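Listed below are the structures to be examined.
Consider the two complexes below, in which chain A is the common component and chain B and chain C are the respective partners.
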Partner chain A sequence: MAKILVVEDDPNQRLLYEEELKNDGYEVVTARDGREALEMVDKARPDLVVMDISMPGMDGIESMSRMLSQDHKLPIILNTAYATYKESFRAWSADAYVVKSSDLTELKSTIKRVLGAR
Partner chain B sequence: MSEFRKDALSGQWVIVAPERASRPTDFPVERRRKGSGFCPFCEGHEEKTPHELFALRGNGSAADSPGWRVRVVPNRFPALNPQTPLEERSDSFAKSMSGFGFHEVIIDAPQHAQSLSELEPAGVRDLLGVYRERLSALRKDGRVSYAMLFKNVGAAAGATIEHSHTQLIGMPVTPPVVRGELTHCAEFARLNNGACLLCNLVEQELEARTRVISEGPHFVALAPFASRFPFETWIMPKRHFAHFEEQPPSTYADLAEMLCALLKRLDAALDQPAYNILLHTSPFGEESSASYHWHLEIIPSVTRVAGFEWGTGFYINPVAPESAAALMGMSSPSRPAAVERSV
Partner chain C sequence: MRDQHLTKDALAIILGGGQGERLYPLTRDRAKPAVPFGGTYRIIDFTLSNCINSGIRRVYVLTQYKSISLDRHLRLAWDRFNEEVGEFVVPIPPQQRIGERWYLGTADAIYQNIYTLEQERPKYVVILAGDHLYKMNYLEMLQFHVAKGAEITVACVEVPLADGNRFGVLSADDNLRIRGFDEKPANPKPMPGHSDLCLASMGIYIFETRTLVRLVTEDAKRDSAHDFGKSILPSVMNERPVFAYPFKDENRKAMKYWRDIGTLDAYYQANMDLISVDPEFNLYDQGWPIRTYQRQSPPAKFVFDERGGRIGIATNSIVSNGCIVAGGHVSRSVLSPGVQVEGYSEVEDSIIMDNVHISHDCRIRRAIVDKEVIIPPHSRVGYDLESDRKKFTVTESGIVVIPKGVPPSEEFWHS
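For the complex of A and B:
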């Protein structure tokens, strides 16, 4: 099963995503911010990254940009509470953009779609 | 001493207050930053954008692959959408329309340049040809009345990516700013035997030479009499054309040379400022007008629009356009030693 890196600064949300995605059969690794995510990509070699944007330290857009400069085929889903980041052309680098919801249906179907396209 | 000045084209008043600041070094300009990392607009990353609408390509390269010089894609997250049916609603107080329109992104060059000042004039000439192509395509479509073509360069000017690009938004209404200019031009023509306001302005400015920054065979660049912003620059064709698309492509080389040189001077004078470039052209639905004259406006981001400007519609410009023209018109695009920025 695919390995997913969840990047999320909120501990409750991080735990929620981890548990839900594990229940769906994915292997899950986590990072608390953009900088830690860069280390995890090197260490864990995930098949897909679910990336929050607004995080302390290095934000998700910057972290994604650095990840893709190493491997521009790495699938990344931006998962944020704010639709306004769609105004940023840098967000185009992501394979998908999901606005956070307590219902994870859209995020899960997007993960399936993005992994399926690879 | 400060003074009020009225712009004949927009009807807008400005306050020119040169005692507040007069030298480029008086402005704490937010310099354009060049970072590293992945760019979805660079050549080789075409899979990160929507499918291209148009591209200038050589060697028979396939769509959405490398080998392009200028590339046009629809905005992935558009402000307006051509799939939305155009519907109007109105009651006594509120009028609304569905979000019908076009939102295209023109990627100016395959390499990661931030500003047109980093491109060769031949690349800018190519870009001008693509502007013509896309404006003509939207005009032909027939469903929008106006297309606003603009550039945001640098974060302080609203850019969300470093890579040089242009946006084109086609909309079913003519923006009030352009409508106001059309009205003032029509009024000027009515009072002056059908003459064009900007043709007259160009003629007068070339005669007076107090605000002319540069002049080529087909275009003139000047600091407008009632500049809203320090170092605001307009480029106008010397010969009358209402629509940008009517401008003969044989003159693009002159415009490209002028644009590159001006932006280089701006970079040198203000230490690579953020800036906007706006195209004001005649609406699609209107016949080629004898009274309206297309032009480009270059606006460096060196002052902020705040309470007074929002409240009055007046702008306070601390650099007299005559001083700006003298500095920008220098033969050498270098920062003058007398006004070196202190640390």
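For the complex of A and C:
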């Protein structure tokens, strides 16, 4: 099963994503901010990244740009509470953009679609 | 000016980062757009003048290799605008925001500068090369782009079929929508009704900004050459409205004038296009002024008028400020500022750059002499190519190129 890196600063949300995705059979690794995510990509070699944008320290867009400069094919889903980032040109580098919700149906189907497209 | 809002909504990006290997040694110490041209200009002045004459006042120049002399020139010649009112000509060195590397291709150069587009949010991006020689009104191309409802417009010009393999060759339908695009094809497709011509992309594009960002972002995720001509245009012309804009020449001559200064021979020939009585490329049209930087220097001077002896004279030539032709004879040549030609010397069919000193009794023909070179007395250039080749670059057509920094000693020149 695919390995997913969840990047999320809020501990409760991080736990929620981790549990839900594990239940669906994915292997899950986590990071608390953009910089930790870069280290985790090197260490854990995930197949897909679910990336929060607004985080203390390095934000998700910067972290995504750096990941893509290392591996331009790494699938990345931006997962944020704010729809406003969708208009940011740099956010367009993501494979998908999901607005956060307590219902993870959309995120899960997006993960499936993005992994399926590879 | 009509449709002024179009140019206000446009941002020009000039790609100034090419290495210019084939212009070596002129590009040994400077980027190609900064190579001196036509006495007082740098190659990039023509594209920048087109921008200003078209009413485009937001211009970024993406620099890369050996950019010091280009940066200095942009500062001295083009730092005339006021960012307070949204007008600027600004060089952008690689920011390495996205990757810690040089630009991989033209599309990657834009991709790596997406942040800049996000800040400016223009409606249209005009992508230009920094090493072409032509006069073109980009406003008319913008009007065409809007009238056609294009997402991408590619400027194009007819070139001889035999030269097609050096260009991106287009085919378009009656409405000028592009239906075929081959980058440097071995067998270029002729234009309908003209078996000896094909339609070449000039490497000049107008993009809807959102389309541009979308395409370069997608391209960055693929293994490709990351180049508009090679990677992007061939794949999008069937999915998006891409149109061909036929080049309309502001030079107002019988033949359209557009030169890609790709080689030393092309560079030499383009300079020679300036000097005839009715020059192929006209620098003197007040309706389409070409701006540059000229340092303060005294007027050109021609001295000695000894009948049967020394006469200081220049014919069929461009002679810049600060030059002194002191008893020498200059013909069919381009002299940059501060050149000195001493008694009994002859300079023919040559390009002589700033502050070159040609001592007495020299014969120079079919040569390009880079800045500050001192040529000692009794030297010969262009008369014995075998001997010249031992010291200098000699082009295919036999032009001798003398780089900056060669020793001024007679031992070197007369060996």
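Everything that follows uses one rule, which is that the second predicted complex is superposed on the first by the 118 of 118 C-alpha atoms of A that agree within 3 Å, B and C clash if a C-alpha of one lies under 4 Å from a C-alpha of the other, contacts with A are read in each partner's own complex, and residues count from 1 in each chain.
As a working rule, a contact is a pair of C-beta atoms (placed from the backbone, for glycine too) under 8 Å apart; a residue touches a chain by one contact, two chains touch by 3 or more.
Here the structure is a predicted model, which is why all the values come from computation and not from measurement.
When the two complexes are overlaid, the chain among chain B and chain C that reaches more residues of chain A is B. When the two complexes are overlaid on their common chain A, residue A:86 makes contact with chain B while staying clear of chain C. Using the contact criterion defined above for the overlaid structures, shared-chain residue A:68 touches chain B and also reaches chain C. Chain A uses residues 65-66, 68-69, 72, 88-90, 92-93 to touch chain B in one structure and chain C in the other. Residues 97-101, 114-115, 117-118, 213-214, 217, 220-222 of chain C touch chain A in their complex. By the touch criterion given at the top, residues 62, 64-69, 72, 86-93, 97 of chain A touch chain B in their complex. Interface residues of chain B facing chain A in the complex, by the touch rule stated above, are 36-41, 45, 48-49, 76-77, 105, 160-161, 163, 165.
Against chain C, in their complex, chain A makes its touches with residues 65-66, 68-69, 72-73, 88-90, 92-93.
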